[in-house]
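Written out below as structure tokens is the structure these notes cover.
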Amino acid sequence: MLSEHYRQVRRHTLALAEPLSDEDCGAQSMTDASPVKWHLAHTTWFFETFILERLEADFVPFHTAFRVLFNSYYNGIGEKHPRAQRGLLTRPSMAEVRAYRSNVDARLVRLLAAASGQDGTGLQAELAPLVTLGLQHEQQHQELLLTDVKHLLAQNPLLPAYLAQPLQPPPAAPVLEWQAFEGGLCEIGHQGEGFCFDNELPRHRQYLAPFELATRLVSNGEYLAFIEAGGYRDASLWLAEGWDWVRSQQLAAPLYWRQDGQGQWHEFTLYGEQPLVPARPACHLSLFEADAYARWAGARLPTEAEWEYAAQRAGVAEPLQAMALHPRCAGEDGDRGSLLQMLGQGWQWTSSSYAAYPGFRTAAGALGEYNGKFMLNQYVLRGSSCATPAGHARISYRNFFPAGARWQFTAIRLARQSSAAV
Amino acid sequence: MLSEHYRQVRRHTLALAEPLSDEDCGAQSMTDASPVKWHLAHTTWFFETFILERLEADFVPFHTAFRVLFNSYYNGIGEKHPRAQRGLLTRPSMAEVRAYRSNVDARLVRLLAAASGQDGTGLQAELAPLVTLGLQHEQQHQELLLTDVKHLLAQNPLLPAYLAQPLQPPPAAPVLEWQAFEGGLCEIGHQGEGFCFDNELPRHRQYLAPFELATRLVSNGEYLAFIEAGGYRDASLWLAEGWDWVRSQQLAAPLYWRQDGQGQWHEFTLYGEQPLVPARPACHLSLFEADAYARWAGARLPTEAEWEYAAQRAGVAEPLQAMALHPRCAGEDGDRGSLLQMLGQGWQWTSSSYAAYPGFRTAAGALGEYNGKFMLNQYVLRGSSCATPAGHARISYRNFFPAGARWQFTAIRLARQSSAAV
Amino acid sequence: MLSEHYRQVRRHTLALAEPLSDEDCGAQSMTDASPVKWHLAHTTWFFETFILERLEADFVPFHTAFRVLFNSYYNGIGEKHPRAQRGLLTRPSMAEVRAYRSNVDARLVRLLAAASGQDGTGLQAELAPLVTLGLQHEQQHQELLLTDVKHLLAQNPLLPAYLAQPLQPPPAAPVLEWQAFEGGLCEIGHQGEGFCFDNELPRHRQYLAPFELATRLVSNGEYLAFIEAGGYRDASLWLAEGWDWVRSQQLAAPLYWRQDGQGQWHEFTLYGEQPLVPARPACHLSLFEADAYARWAGARLPTEAEWEYAAQRAGVAEPLQAMALHPRCAGEDGDRGSLLQMLGQGWQWTSSSYAAYPGFRTAAGALGEYNGKFMLNQYVLRGSSCATPAGHARISYRNFFPAGARWQFTAIRLARQSSAAV
Amino acid sequence: MLSEHYRQVRRHTLALAEPLSDEDCGAQSMTDASPVKWHLAHTTWFFETFILERLEADFVPFHTAFRVLFNSYYNGIGEKHPRAQRGLLTRPSMAEVRAYRSNVDARLVRLLAAASGQDGTGLQAELAPLVTLGLQHEQQHQELLLTDVKHLLAQNPLLPAYLAQPLQPPPAAPVLEWQAFEGGLCEIGHQGEGFCFDNELPRHRQYLAPFELATRLVSNGEYLAFIEAGGYRDASLWLAEGWDWVRSQQLAAPLYWRQDGQGQWHEFTLYGEQPLVPARPACHLSLFEADAYARWAGARLPTEAEWEYAAQRAGVAEPLQAMALHPRCAGEDGDRGSLLQMLGQGWQWTSSSYAAYPGFRTAAGALGEYNGKFMLNQYVLRGSSCATPAGHARISYRNFFPAGARWQFTAIRLARQSSAAV
């Protein structure tokens, strides 16, 4: 069963690379992004290094140099190939990386079989959680693979599409409404038997004042109104660091937006450049932009505790149609209820700095570096996006990025103090 | 009375500049620091711009260019002289800046007199809070003046002293003990009639799990043990960004520490370079270092809510001997009780990102830029330091700096989960 | 005939790309270097833009975007794709670039045929010099293709070989001797009917004092002696800017040299990493290193006039075995006579700044940008290298690079004042 | 006599600092420029280090730290205070630096007296050339002191004047004419008994083709025509590196020029900001600008050999009224003859890279670093400027700066191929 899930997740990663040439898979458009080939190899390295090296009898590495080449950031493992130079690794080739994947897959499946057999109980206890972590890790990289290749393609003046399909026009967006929540002493953090990352634990109490949450994400049309009202030119709307960011980079629109000579707006998507559709959610926004928009709109961003508590109350679930190549309009895919688009369209910036929950503990060894060491100068995003694989999202999930990051599918959910409370 | 307080605070700023030459007062050692002369002028600009310009009849500026030259960061006021070039303003001279201070003082005192006279009630209501804010602002700059000039003098190979006095050897430091706090639903934020900054409001509820706080700051001797144990060479102790910071700057000790050829440690102080005294509090530490030390010591940093709640419980008050040029040893100046050195020695890094309290509101106009726009990628420090003027500290006070800042008197107070709770 | 030469040169460029995968051809290891694919396309663009666009009836571009994508530095043509982002152009694919080459080749050959036919005399007069220039240009890029891909492969920790062949051990190097030249009023610059670049003209007089030139290039063994004598640690041997360069980059050996844990030296070559052979010429040296070595050796670098005048006298000619993947030992390939290795092994740094000859004139239009605008802060290299295609070298040839460039096959020829003159 | 000259030169340096406050003397506006105080100390250090340390019996340094603090670039002397941090040396104070000057002056004069007395012949032979070099060095710094303080004052929005005097309106500029020179085998380099720097030697032969030189410098009015014709927006006029420089810094006029809201041009001078006078020479120009202007004007820059040869022929001499604070108009101060403004107004960019003359030798020891190590990526300027002290200029003098330097009084003298020669 775990074995079957393993095969399925691993196959899906390869499927994501299928529309791309070997050349597409090798390039790195910025230090923050990685080549597709590197994602394919690194996720494999994760299984080889954290599982096979530990639990396989007579372990022999597929290639001794890969331990360094595909180590992302684990100092506990040792040396790392410099992040900014991942795009220079024209060797190993895509073919060799595919062979690496096959090799590790075969060994891993063999190990899983041994663990599920007689006398395998001890192995199983150690193996299963690691394989599960490896698959969750791989799913995270499935999303990154798409956002990274989108960034790469967007640098090319030919504006090539990842998939050359037309984007269907959506229905009109429903009116943005406000849903009130009482707050009080609540609990957040992961609960129950299922998988979660260490940073979602421990579940703990927080006190929340009454608040209200917008029923859907901010739309392109609404964000365009902010632009047209001079939002990018008014210092009073921005955090000091955000204002420096806007000015030094001379920004005037979200990443991937372009205004043509006739004044028409376009948006680069994985389907190529498309006319901007007002009803779709505004995305590829930094926290700076989300925060400035909220201030302009007379609202604010939610805290991560407010978001999670509201999601608990609203009975939020993954949309039926998971993992797409572009966020869909509110209500477009069966995502009904009082709070729309909480999952599956765009990650939602919160005002919460990424920090340890009270009593947070990291795993021993290099795996302890997975999340904990990044808890500084990053901000929490909640929900999930159109690029998140099906089954990966949770309402206790904590994504995090620096305030200026824009190449993920990042969006805006507004909050405000409860008007009843005044 | 406010008028007398005004004179006293303003005189004190000039007194701080007295040991320095005009040359000392003009130089700027880094973008983060300002010349002493600039502090003298900017604090005056604050009164002229936010009070006289608004409330003085027939207002004429002392010098039209000063509005731009001495504007620190208020976009609402207009243009600003570039921060990095404050050290190039050899004109106006120190003499002219002193004249500027005298002129504004005279006009301000005249305005205060008018407000306290008959028919002045309306003026008084508007004037008093602004003057109080201006004086609190000036006190903040009194502290910065000292830390900035310390940084400047430290760049000079001659290691000149601000005051050429010997530093008395302190008594031994008391043992570091742990005081337990129950937590629960508590309240933090400013309370009562006295002055506070906008970022200390509104007072609000937070839920705290049980925790323990160290009874004094980490000492030089303890921090030296961390260095000698290889703390600066062990990646597993550091946040990812902290490790990059340590490596790129090749750091191996706090700012102002120097090990001589014989292995002896010295510390540059405002009294010149001095042998490192183990009993004194370790200071001039970044959040990165404070966090790594805490991890090494099996502890953690407190949250700001924990710090403030503990201070409430422990009945913390300013030390008798306020504003010194170097932190004193625990217990050295009558600072007795269960929690030592909470105020008056070194600012204490917390793990809390600087963020708005629930319901936080900024003032209208340019004064709204005072605090709110900096609420990103900075971390809260609590307490106060040896360089904080008497009467300025409060247990609800929120100081904030980026994680890498070291030129303030920044120190470490350890916290840990309640052992009873396990 | 020109048509046959055209086919041959164009074919050779493709042959150079043959040992490489599409992935290898797409990557760019630094701003100074270009991807192999870009070289293939840009040389084609040169023919399309400067010849077909001008002379082809009913010209239609192969792809409208290519005019910008593959423009290297011609402001007269218009916009240019940013140089540092050439490695992000995963589209057009290698297959499309090959198709681009075929298309332009067919059209060019058709145009050549038309010109050589009846009524083609006028066309021929305009076409032939442009095609010749285009082919010389293509040959320059053949050399760059090899040095750029060498740089790319060297960044890969796997140290992949361009060709996986063993490098034959060479004979011992002949003793370095000095040949004396009288000097006086001499002439340099291109002479005769054959092709030359504009920067080799006009031929003009220069007065030269008597001097001596080394009979061969400095060898690896000799350069190693400089290293072992502390050459990289002695400021007095270096130009001020060279010393800053050595220190800021912490250099201690030529590019591509590596000393292993046992103290053995290795050299990365297009045949993979090889043990350093003392008899081979030292190469991949900056002007800084060449100058410091010469000073240490009690000699100096030649001026370009000295080099060309000596080459005239010595009757220098291309070696029999042209274009190799690594410089050969002195005398190894039939390169006999009094001055060895003048052509065909390594470009020789001169002390001459790259400047216009008296009376130099650039062509009208964008082609005038070919050479003239680079005549500043670059230094002339004379001779040619193992990577220079057969038939491309001339003794009046002026190559030029900034003083810190090392990724070309750059070597050292020593000169000194005539000892007779003392 | 040498003693009297010593006193006079040293006094003049102090006189130049007189209009400035201690604050003015301490600031450093960019890495290339030094504080006035540093100039005062460094020129003194030169005498103390290169003369007293060597020749004074029982030498004791004035202050041991000064050997490092005021070492500009002599690696042979040892450590140097970082150039970019000269403005942070608020200590030693101006008063201490004056005391340093007095102390060294007294010791130097004593040494000179001893050398001129009986038994002093040996000492005299060693001392006199060193003192002469020290005084020439001091005169170079007198010029730099003025250009550096001009740059500092120009950064101040108050635009303070070094001297608050009006600049007299000049007569109209004479027409720019061309003087033809035959060329042929000529000699350049210093000749005779008088002092020269090592880089002016040895005198040697060069062959020059016939050429013509403009009879005066390019005027403000002529340069303005270049600006108005779009010179700063036309890539075809610029060297590649110059075009990058113009674009990255968004330049559109010489340093210190400013166009007001009404379109009027002003020029910042040591007399404060003044209306731009068309007849005065254009100055504060980079080599990039000089070269682009020349190309636009259908001319070119002279080589240094052409300049010196022409100066020999034209019998050029220093103007009667030496060392002013701003360049004067052609003919304004008795500078009559066929070639005007060769000396005493603005340094004239040549197209010659700064390089060693054939047979050039540096002095042994640290003094060998005076000139030789800078012979790379710098260009020669000939003549002298309004800020050059009287008696310091020579027609064999070789000044040198990087192509982008603008803060010296740098101007344009045009040259062209001889029209007769066509």
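Per-chain residue numbering starts at 1, and chain names A, B, C and D are given in the order in which the chains are listed.
Heads up, the rule we're going with is that a contact is a pair of C-beta atoms (placed from the backbone, for glycine too) under 8 Å apart; a residue touches a chain by one contact, two chains touch by 3 or more.
What you are looking at is a predicted structure, and each value in this text was computed from that prediction instead of being measured.
Trainee: How many angstrom lie between the centres of chain C and chain D, each centre taken as the mean Cα position?
Mentor: 38
Trainee: Measure off the straight-line distance from the CA centroid of chain B to the CA centroid of chain C, and report it in whole Å.
Mentor: The answer is 59 Å.
Trainee: Counting only Cα atoms for the centres, state how far chain A is from chain C in Å.
Mentor: That pair's centroid distance is 47 Å.
Trainee: If each chain is a dot and touching chains are joined, what shape do you get: line, ring, star, complete or other?
Mentor: ring
Trainee: Would you please name all pairs of chains that touch?
Mentor: A-B, A-C, B-D, C-D
Trainee: If you look only at chain B, which of its residues touch chain A in the complex?
Mentor: Per the touch definition, chain B meets chain A at residues 73, 75-76, 185, 204-207, 209, 235-236, 238-243, 287, 351-353, 355-356, 358-359, 368-369, 373-377, 403, 417.
Trainee: Show which residues of chain C lie in contact with chain A when the two form their complex.
Mentor: 21-27, 29, 37, 65, 68-69, 81, 85, 87-94, 152-153, 155-158, 160
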